[in-house]
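Each chain carries a letter (A, B, C and D) given by its place in the written order, and its residues are counted from 1.
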Amino acid sequence: MGILEVQNVNKSFGGLKALQNVNLNIEEGTIHAIIGPNGAGKSTLLNCFVGKLVPDTGTVMFNGQSLLGIKPHEINQTGVSRVFQTPEIFTDLSVMENVLIPCFAKRDGAFKMNALNRVRNEVDIQEKAEQMLIDVNMIDKRDMIASSMSRGDKRRLEMAMCLAQDPKLLLLDEPTAGMARADTNNTIDLLSEIQDRRHITMAVIEHDMHVVFSLAQKISVLAQGTVIVEDLPENIKGHPKVQEAYLGGAH
Amino acid sequence: MDQFLLQVLNGLDKGSAYALIALGLTLIFGTLGVVNFAHGALFMVGAFCAVSMQKIFEISKITIDATKTDFLGNPLKVKTPYVIEWFGESAGNAMINWSVPLAILLAIPVMLLVGYIMERGLIKHFYKRPHADQILVTFGLAIVIQEIVKASYGANPIPTPAPSQFVGSFDFGVLLGMDPNAVIYPYWRLIYFAFSAVIISAVFAFLRFTTFGMVVRAGMADRETVGLLGINIDRRFTLMFGAAAAVAGLAGVMYTPINSPNYHMGMDFLVLSFVVVVVGGMGSLPGAVLAGFMLGILESFASMNAVKEFFEMLYLPSIDQIIIYLVAIIVLLTRPRGLMGKAGVMEE
Amino acid sequence: MNTFSKADKNTLLFVIIITMLAPFILNPFPEGSAMAQFNAGYPDLMQRFAIFGILAVGFNILFGLTGYLSFGHAAFLGVGSYSAVWMFKLLSMNIIPALILSVIIAGIFALVIGFISLRRSGIYFSILTLAFAQMSFSLAYSVLTPITNGETGLQITLNDPRILDGGTGAGNLPVTGLFGLEMRNTFTLDLGAWAFQFNVGYYICAIFLILAFYLSMRIFRSPFGLMLRAIKTNQTRLNYTGLNSRPYTLAAFVISGMYAGLAGGLMAAMDPLAGAERMQWTASGEIVLMTILGGAGTLLGPVLGAGFIKYFENIFSKINDNVLHTWFSILPDGLENAIVWVLHFFVGKGWHLTLGMLFMLVVIFLPGGLMEGADRIRARFGRNKGKGEDTPNATNPAE
Amino acid sequence: MRPDLGRITMSNFTRRGLLKTGAVAGAGLAMPTLITSPLAAYTNEPTGGSVTLGFNVPQTGPYADEGADELRAYQLAVEHLNGGGDGGMMNTFSSKALKGNGILGKKVEYVTGDTQTKSDAARASAKSMIEKDGAIMITGGSSSGVAVAVQGLCQEAGVIFMAGLTHSNDTTGKDKKANGFRHFFNGYMSGAALAPVLAKEYGTDRRAYHLTADYTWGWTQQESIQQATEAKGWSTVNNVLTPLATTDFSSYIAPVLNSGADVLVLNHYGGNMVNSLTNAVQFGLRDKQVNGKNFEIVVPLYSELMAKGAGENIKGILGSTNWSWTLGDDGTKAFVKAFGEKYGFPPSNAAQTVYAQTLLYADACERAGTFNPCGIAEALEGFEFDGLGNGPTLYRKEDHQCFKDVLVMKGKDNPTNEYDALEIVEVTPRAQVEYAPDHPMFAGGDLGQCNPGA
């Protein structure tokens, strides 16, 4: 039994079939990579997991609960967090404030944020947020306004925000895109460390094969809206179907 | 039935004014991304072009007629307009009589110039500023324009009649075999409707069939890319602003015989035309036109006695007071982005 | 238990000192001098500064924090005023029940209008609030005349029941008060050529302003305030953080509606009349202008903006040609007339022109509103962060 | 030290005039000098050599031109009161108490403010005049909403209010106040004056269609006209209320012709009236025949500025005004001469009414020998006078309404100059427009007692 089970998911936009009978099974506690050429439907698939899109047919079960038809924030409350391709952060707020919000949300969830207490009186929350920033190596930037940071920093901040929620499943959409090699390696270390320490299940979309093969315990290859192969990393390398998908075989 | 027909006519006419102003607003918003609160003021400036034309024709030579006296008992000053002096009685009077249509000739260059100055001098610096700043600065500009007009022409409405040939109304009733006087409609309002139909079609044709229009439409969709293609999109946008100002101005010129212009007529129209634009959907030209006519017609229907009485039974007296806003609320609640709005435009 | 930072404490202290000493600060010129025209230290205007300050502070909780631009806030002001006047008519001339009712009724109105309008965002939200407010205005002006007294405005009359006070029946109209302390009482301090007016009503308003300001400061610095700022910045991320933003925005909307209701109630408490124009879109627009002009999202800005606009409306509109001639009477006649001729377009009946030009100048050169100007002046004189320090995004223009 | 609140209570409205002279030089902060209330007998009692009047008129918004004309008349009145100019109507006024040396020997000064034609703004402006400038009388305004609001304020503050242009029955009916006085005529009088003329000109068998501005002034005027015309045998086909914000009346006017009515009554004022009349003429209503009669339009309340705004469209249309510069009496001639020489054009009836109000106030002060509002009210109540352009006039004690002749006017077919748009059809004698103080249209109000403030 996987923590996330996707069965026969179809999604089309007008005439374009973005996803066709997608089946996917992510095991609890693993890092599962989803790869495939551009336009294969990877981001569409992720959008179906977080409620941004609703599949036309099929089921998405998370921890035995269907994710279809519930709102994005409710999906998140079940424990699914997502890092976006273009970082979605609170650009006008400081780094610290960015992390504080998921920390508060984790505790409060529904509508009960105290309107009159001061933020800095919430000592335990502060500590937790600080710890998150230490984890992603950003504690020295805590008072910077998020919009003024580099793209790589924004991405790490977003990751810290997602981790602050203690998600059961973390979805990462190209977490290292646009990063320098050193940063990429840091991110790889960070993710594997988190996985080791906190056993968070992760689904990663990635183009960088170095990242994929450093992290993934299982890989699904998506091409033209379907999963063509789902296997262990070592079996993926050199798999004829994968080569065909990437190099553009006879279709 | 006749009442119904009558109110459709009325609605089309009211709708023409709404649609023309909303069209200009949408052009500016769609191309430049600027919320122009001074658009009503441009409409008003257009109307005062008609007033100015009339005043110009009425500039007079003053002669003293000692045989008559004025109200203080002083010798009477007799005014003879120079146009009569120069072109003779009949031609001069005809010019004065036709001053409103002739004012179009004055309004086009004036409005293009006003639009050009506004865009280059002010709006240009606000493309990247938040919408709230754009609203505030154009609102300030609207007040300034308005006050300048007030200081020059006074606050009282100034009568600007249509050419005498167009006074009176056309009897549709007789045409359709109904009683005489059942469905009458003034000639000038019919002209106004036709005029706005021409302008609206011209704008659409221009955007659809000219290269210039195509570039502007592309620029509306993606400004940066078009800029990268080496096309001077800025210059075209300036022209576009001028054109939008001209549309507003011409709408104003032709509107003057319907209601005597005054300095605050722009503000009176402004809020309503924003409602029209939003109901139509931000950034959609067909939406603006459609919503303009739709609200015009609904407003006309709401003023019918039968309709008012019906709503009174539903405990909604004076439905005509609130119809526009009620419709706006209903449309926006059922269609999130108005009738034809695009996603993501002015939604944050 | 709730400690503010030093800067915040200074800001609050600054507000308290300024409001308490306003009768002195606003009356800098001696009586009878040519400059006395610019004195603003008379009860009515000081009350207006405080009341519109409250209104703008409340509006800022919605607009400055969440970025939702309501174009119908004047409706809550009007509703508050009507409720207060009805309390004066029916119950008692004491302002306490009137204020309580105006806050509650405005809150209920805000809840209903907010619940519907907040289903949309951006300009669609603005137009929805505008539509509700305009409908309220139209109805108050005509159809609802039995409740609102329409065009002439709701006033107290001699034959109102006033259950608690007992109707006065004949004689003079009763005045609003707080347990016998009349709002209109003014005592005047005479110092040399200066006369400073201390008005009970003003100090009541000032205390409410300080409370309102303090509350808004608490909200700004609270997790709730953080949440509201997050809504303004990025709703998508908020959703993917497991939070539904609607209840928070609705709460902000209702709070700011209640502020407006309080302001409306205070207006009626200072001057027991409620007119329909208070609800017109121009009145809503004025609130928006005040907030943006002062600096949306900053703590002090809206109060400054409110004072700025009310000052112009009340002081500049009263400068007529006659006054101008007195000012420049020492100049040679020709020059005097020329100066007066130029200036008379900008004052008196031309005060709108001056206001419009100032709007433009402020927006063009001070994108962050007057607060940015204040910050720049502070920076120029090298005074480091002290008074008026605001949220970290103080210099970011609001959207 | 906790001072007794009763003793600290200095005043209900402050009085700068008093303080100007009463100022104690060099008082230290430690010992503020408190002036106690018994010094002043009433609000803003003038103590120096001058007295300040507050002219509160619309200077922005649609009625700004009307406000400007009122302001001209006020300035002229002040000039005349202070002995400047030719004295204008002071020479023809039946009361000879005014001597051209100000009021009670004090030089008349004035402050101006902008009502914006909004009751809130008007009250703020009036308050600032009272609290800051020490104005002892407030006058002006060009709408009933503003007049009623400011009248209420003056009652509370304890100053006299001399209403400017306000035509609603309520000003001296439901909303009358002891400190407020109205010289202008009202809706009832318009109806009473117009109805006989309408019956004479258009016959007694007419069917009227009313378009009415949907607020209190419109309603009271419509009610008055309907009652007066029905008494003459007319019937009322319909009364349609038009929203305040309407600028284009076409959808209200279009159905009129087919309704069986042969007269259209436009109960609109200002911009609304200009637009509705323009629209009605545009539809060609006046060229039509209904029920075998010429279709007619009536505008019950006329003003010169509205006539100017409507241009050609007013030709032949009947309405009523308070006064016209074309009247031939001595008062009118004197006023038109003084005004015309100063400003170059004849005064409007708004200008005349505010000029008269200023003179009446000053005269009442002289006769009462005090600026105390109660003394002034006593002097004005039941005051009979003549020579202010309207013929013999009475300020009625019971409701503070002036009773005088009302003019029925008609748009002139061939105006000889731009100021000559209206001509007098009939001067309706005062007796014909009088009504009992308890007339149902004016019921429900209570003057209360005069309030001197302090």
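Basically, contacts are C-beta pairs under 8 Å (C-beta built on N, C-alpha and C of every residue); 3 or more make two chains touch, one makes a residue touch a chain.
Going by UniProt, the chains are A = ABC transporter ATP-binding protein; B, C = ABC transporter permease.
Given the structure is predicted, the values throughout are model-derived calculations rather than measurements.
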For this session: Name the chain whose C-alpha centroid is farthest from the C-alpha centroid of chain D.
Result: A
Exercise. Per-chain C-alpha centres versus the global one: which chain is nearest?
Worked result: C
Seminar exercise, completed: Between the Cα centroids of chain A and chain B the separation in whole angstrom comes to 52
Exercise. Per the centroid of Cα atoms for each chain, what is the distance between chain A and chain C, given in Å?
Worked result: 46
For this session: Take the average of all CA coordinates in chain B, do the same for chain D, and state the distance between these two points in whole angstrom.
Result: 35
For this session: Report the inter-chain centroid distance for chain A and chain D in whole angstrom, where each centroid is the mean of the CA atoms.
Result: 74
Seminar exercise, completed: Expected list for chain C, residues touching two or more other chains, is 138, 142-143, 352
For this session: Indicate the residues of chain D shared as contacts by at least two other chains.
Result: 64, 68, 214, 241, 243-245
Exercise. What are the residue numbers in chain B that touch two or more other chains?
Worked result: 318, 321
Exercise. Mind giving me all the chain pairs that touch?
Worked result: A-C, B-C, B-D, C-D
For this session: Report the residues of chain D in contact with chain B in the complex, numbered from low to high.
Result: 61-66, 68, 214, 238, 240-245, 247-248, 250-252, 254-255, 257-258, 271, 274-275, 278-279, 281-284, 287-288, 290, 305, 308-313, 325, 336-337, 340-341, 346, 417, 419
Exercise. Contact residues on chain D for chain C in the complex?
Worked result: 5, 8-14, 16, 19-20, 22-27, 29, 32-35, 59-60, 64, 67-68, 71, 75, 110-114, 118-121, 123-125, 127-129, 131-133, 143-145, 148-149, 152-153, 155-156, 168, 170, 175, 214-217, 241, 243-245, 446, 448-449, 451
Exercise. Which residues of chain C touch chain D in the complex?
Worked result: 31-32, 39, 42-45, 48, 138, 141-143, 145, 149-153, 155, 157-159, 170-173, 175, 181-182, 184-195, 197, 271, 273, 275, 277-278, 313-314, 317-318, 320, 322, 348-349, 351-352
Problem set entry | Complex contact set, residues of chain C against chain A | 1-4, 218-219, 221-227, 229-230, 232-234, 236-244, 247-248, 251, 392-393, 396
Seminar exercise, completed: chain B contacts chain D in the complex at 2-3, 6-7, 9-11, 13-14, 17, 70-72, 76, 150, 154-159, 161, 167-169, 179, 181-182, 184-186, 188-189, 257-260, 262, 264-265, 268-269, 299-300, 303-305, 308, 318, 320-321
